[in-house]
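Both complexes below contain chain A, partnered by chain B and then by chain C.
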Partner chain A sequence: MRWGEIIRRLVLIPPTLVGVAVIVFVLLRVVPGDPIAMMIPPGASPADIDRLRAFYGLDQSIPQQFIAWFGQALDGNFGRSISLHSQVFELVLARLPATLELALLATLIAVALGLIAASIGTQVRGRRAEWLVDGGVGILLSIPDFLWALILLLLFGVLMPLLPISGRIDPEIDVGFHSNFYLIESLLTARFDVANALLHHMILPALALALPFAALLARVLKTSLAEAEDQDYAQVARARGFSRSKILLREVFPNALIPTVALGGVQVTLLLGGTVLVERIFSYEGIGNMAIDAVINRDFPLIQGLILTFAVLFIAINLAVDLLVTLLDPRLRHG
Partner chain B sequence: MSSALSRRSVLQLAGAAALPLSSGLFDGAHAAPSGTLTIAYNVNLPSFDPTIGLSAVNPTIQSIYQAVFDPYIGQAPDLSFKPGLLTEWGWNADRSKITLELRKGATWHDGSPVTPEDVVWSLQRAADPKGGNPIQFVWSKVGNFKIDGNTITGDVLEFEPTLFKWMAFLTGYILPKAYFEKVGAEGFEKAPIGSGPYKVDAFERNAFLRLKAHPTYWGAKPAFDTVVFKFVTDPTSRVAEMESGGSDVTFEIPYEEFDRLKTKPGLAGLTKPVSDIAMIFITDIDPMLDRNVRLAANHAIDKKAIVERLLKGYGVPIATLEAPGYAAFDPSIKVAYDPELAKSLLAKSGFSPEKPVKFTIQTTRGFKPKDYEMIQAIVGMWRKVGIEATIEVYEIAQHFELRARHALAPAAFYNWGNAIGDPSTSTGFAMFGPSPHCAWKGKDLVERIGPLWGEKDEAKRIAGWKAVDKYIAEEGEVIPLFQYVQPIIHKTGLKIVAQANGMILPQLIAQA
Partner chain C sequence: MVDLALDSPVGRPSRWIAGLKRGGPRLWVGGALVGTLMLVALLAPLIAPHNPIEQDLMSAQLPPAWSAGGEPAFWFGTDSLGRCVLSRLIYSARTAVAVALIAASLAAAIGIAFGLIAGSFGGWVDQATSRLIDVWMAFPPVLLSIVLAAVIGAGLTSVIAAIVVVDWTRFARVVRAETMVQLQRDYAAAARVIGLSRGAILRLEILPNLIPLVVTLLAVEMGIAILVEVILSFVGISVTGDTPTWGGMIAEGRQIVYQAPWIMALPIGCIISSVIGFNLLGDGLRTVLDPVQRR
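Entry: the complex of A and B
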């Protein structure tokens, strides 16, 4: 990707986000489900309902509401959550780090497991053991992350209660952090006991997110390695007497990595989407868990803020992946 | 020596790994609770202000609020009322004034005293039309308060017979005037204080709330110094929390899981009928304008069978919207299960199993235990007598919106909570035409219910509501199904006081 392409992609970000905002804003108000109808107590008169509607600014037309919201959003004010009584921007900023840390840990686990599985699969290529690797990868891939969450919950929370199954940190630990990146901050400040407690809580949800991702990485990488291994440059290296492991590591792997990174990048965005259910199952305090409550409560400002946050993340990850692929692939780098 | 694993050695390793499971090594998870009580709670806490927004009218959240804040008036486990921060309350003879007596010696969590000014400010704030209190229409019926020592008097602007009952429930909390004005609404959300038995120690949104006992609480000292509400919204995860020993108490789990868990070593189960009923709204549109169809729909449902087969016996069949324990419950009102009667009623209107009357019934799926399955069973019962109902599934938010617009289907399943047990907040708001919650807008009920709103003679008022309930049953204008039973699972070694209003109050949980 050249500089021109990068600039074009960057220029497209604001209109994309405005488009997302318009669609979400209108859809929320058109589909059935009204936050005011949900909070009307018994005995409320039509006047009481109108009063509540006006209190939350829902008495105006949809275009009027959008203009008011958009004007505030340009100043960084995404409105006030109907259910949580706080500024949406502050709420999302407070919870986003928990999701990012979880996604990061899940990605690291997935990459590690994917590399190991692909390496083993390549090493045993053509042998009966390859079936085992392919079968294992197939099983990991065919079970969705939320189902892995329930399986892990049952295995390590109930049958062998070795790990905590809810929350981000033990309630008895006084956090006292300066940021909401608890894991990163605890590692940077050498509070390894706290980091250990955090990791204990994160390992099951991270694993649930990582397993299908790892399987996909393994399958793509293994196929790419097999294709690259059959290429002329690998055959030439073999003819020159290089060992197989050296050929795989030096010649084959860098080329096989390109499609894996491209697909893996897309998968990271899916992993972020997967946090919604997985966070819910493990009562993990990220934006995914918050999103479910926001939808249940028809908290329009919060839903808008969360969807925009997911949109920004998706765009940023896709851009970063494209840049990474460009760096890895000399054909793209040099046009 | 070969380093390769043989099949036998793998099996041996697997057997060794499985041994702890079978030998119960991990059963230590159910150890008796320590100085901290951990409750796996079924909903998140959205906000600390118990008087504004969605959470203020969510009955499930009130357990947390009542641990931190004091309601004006307390409520006993059987729904009766008892002194809270107010030790005395009442009307004058002609119901034109109210008198409230504030308890002496109560303190806020910051150590400052609870004052009559706090009470007046809380009532005025709740009554402010621009304040966002969803129950504002109740609080606005009193005003012009005067303070004399710890006695507060106020004028009745419009008589509301349930005013004092509301003081024990939704939005009926006393908040600290000086502190709130100092920190503002946002500051209060970040660092709330109340006068309840527990003060907020730590809060991780969507994860947990940690409370510490309020050292100068006016009431009985709670048994546990620390209480943790873990927000575990998924029922499967709550079950896992109990099985893993991660929590001491949980509730709102599937009945099948309740029956399984209560027999496990280290765990015990407790059930209590609560102030929440299952019902089917009937909308006054065709074909429900036909009395025969309505009554047939009522008589064709075997509520006992539904409770026994679908709810494992955890439910109490009801004939009116008043459940046992409510102020206007009348056990003499019966609606018998009689499919032959249902058939004969339908025949009078020209319907039969061969030529059924057709309509839509709306229901949620998974919002309440076995809701969809229950409606499926009811549709099956109806089919046998000559009613062909089509099931339409909707979300609960859609139900609220449709109900407010008077756009529900001819039949719509719902659950109706009434923690104060007053007939006005069950039959009243569900069946009074002008109410946005009412699906049956018939004039017959408007005329019968209307005079009861302002009835000042309590005995006459309750008798009036009983008469209305009897009339509704005779006309089949709603289909009451059963009263819910709340399943509570807890570690053995705990003594829990189950509340008829469904609250799980940590201050009422102690070591056995």
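Entry: the complex of A and C
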């Protein structure tokens, strides 16, 4: 991708977000189901109900509601949550770090596992053991993250109770964090006992998210390595007498990395979408778990805010991946 | 070998046998797993030992029959309301199969229609359809189906609708690309030369050539539909009330996972075998039906 293309993509971000906002806004409001009906106490008078409806702006037409919401959103005001009685922006901001830390840890695990599996697979290429690696990767790939979450919960939370299976941190630990990035903060301030407790809670959900991703990375990287190894430049290096491991590391790997980053990057967005259910299964307090509660409670402003948050993250990841590929690929860099 | 079989005067039957052999163990294992699932779903009232919604609080949370304290009448024990776990597993298969068949077929029908139109008309029609698909794919699929099912309301119809609305793009994208490829082939040009209309070419020439692709996609989509149904019923926005679903059983089992882990483990096992079954079947069918791999 050329630099001009990247600028074009940056310009396209605002209209895309407005499009997502419009679709979600209309979708939530044209379908039956009244969020006000769920929050009125028994014995509320019709006047009370009307007041409540007006308070949340639900008495106006959909275009009027959208314009009002959009005007406030430009000022950073995304409305008040109906079920949690707070500003949507603050609620999302308080929970987002938990999800980002989980997704980051999962990505790191996936990259590490994927690299290991791909290098083992490449070492045994053409031998019987290759079949074993490919089969294992195939099984890891065909089971989605939320099923891995359930399997890991049963195996390491219940049958072999090694790890906690709910929450983000033990309730008895009270350290008074300054930010909501608990893990990063505790690592930076060198409180390793706290970081250890956090990791104990995060490792199972992160592993569940990482396993299918790692399998995909391993498969793509192994195929790209095999293709790159058959190219002329690798053959020449072999003819000049370099060892296989040296050729793989110095010549083949940098080229095999490009398709891996391109395909793997798309997968990071899927991993982020996967946090919704995995957080639910492990009662982890991130925005995914919050989104399911918001949907069940028909909390329009919160659903709206959360979907926009996911959309922003998706777009940001896609852009970052394209940038990374441009940096890695000399043909595109000078294109 | 294969070419001999194709040219032999016996023709079709031997060609089919060769094809099934080529599918290899993946086709057989996948077919067996999916076949078992279909049979269980079909015969649920005959093979289930109990009524799946019959509660008996006196015999709640019984362990499986072979462990201490189990009762032989309840093979896999009972849940916290005293309902037979085996019967609920069997009836859940019914819900899963119904959703998989209906949702996957509808998603396929809509996706094929859009794909054929975009692939054959080209120009602004193709542009518009492709943009629509792009916008669609920008949403996180799991979250989108949860929101959809929640706003449409509880019930099997809303689960099916959510799957169809989210997943038609899977078919549309592939069918669009394949239609474009097929229209470039000589046989499509020949059909144009003899004066067939665009509709007739699509129906008589292109569609039959898309069948292998669609069948493979359909098998994979059924596996996905089963997963989405599990997700929605796990979250609690699928079918209402007592109707047994694997996802609902997992959600209930999660509450008492330390006391009765088998209630959660058994539906997970069923889901994994179904999903792997559909994946293997899809892989096997691709090898059998794909003309490129056939040679």
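Operating definition for what follows: the second predicted complex is superposed on the first by the 320 of 335 C-alpha atoms of A that agree within 3 Å, B and C clash if a C-alpha of one lies under 4 Å from a C-alpha of the other, contacts with A are read in each partner's own complex, and residues count from 1 in each chain.
Here, contacts are C-beta pairs under 8 Å (C-beta built on N, C-alpha and C of every residue); 3 or more make two chains touch, one makes a residue touch a chain.
In this text the structure is predicted, and so the values were computed from the model without any measurement.
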**Study point:** Partner chain(s) touched by A:F314 [first = chain B, second = chain C, both, neither]
**Key:** second
Checklist entry - If you stack the two complexes on chain A, which partner ends up touching A:L52: first (chain B), second (chain C), both, or neither? => result first
Mind working out whether A:I151 is in touch with chain B, chain C, both or neither, as first, second, both or neither?
-> second
Which of chain B and chain C A:R298 touches, first, second, both or neither: both
Query raised in the report: After superposition on the shared chain, which partner residues are touched by A:M290: those of chain B (first), chain C (second), both, or neither?
Result: first
Between chain B and chain C, the one with more contact residues on chain A is chain B
(message) Between chain B and chain C, whom does A:L159 touch in the aligned arrangement: first, second, both, or neither?
(response) both
Touch test for A:V276: chain B only (first), chain C only (second), both, or neither?
second
Quick check on the superposed pair: does A:P171 touch chain B, chain C, both, or neither? Answer first, second, both or neither. first
**Request:** Kindly classify A:H85 by the partners it touches after superposition: chain B alone (first), chain C alone (second), both, or neither?
**Result:** first
The shared contact residues of chain A with chain B and chain C are 32-33, 150, 153-154, 157-159, 165, 280-281, 292, 296, 298
Per the touch rule, the chain A residues reaching chain B in their complex are 32-35, 37-46, 48-49, 51-52, 55-56, 82-87, 91, 94-95, 150, 153-154, 157-161, 164-169, 171-172, 174-175, 280-286, 289-290, 292-293, 296-299
As the complex stands, chain B meets chain A at residues 20-21, 26, 29, 36, 38, 40, 44, 46-47, 49, 52-57, 129-130, 132, 134-138, 170, 185-186, 189, 202, 204-208, 210, 226, 228, 230-234, 236-237, 240-241, 243-246, 394-398, 400-404, 424-425, 428-430, 434-437
So, in the complex, the side of chain A touching chain C is made of residues 16, 19-20, 23-24, 27-28, 31-33, 139, 142-144, 146-147, 150-151, 153-154, 157-159, 165, 269, 272-274, 276-277, 280-281, 291-292, 295-296, 298, 303, 307, 310-311, 314-315
Residue set of chain C touching chain A in the complex reads 135, 138-143, 146-148, 150-153, 227, 231, 234-237, 250, 254, 257-258, 261, 264-265, 268, 271-272, 275-276, 279
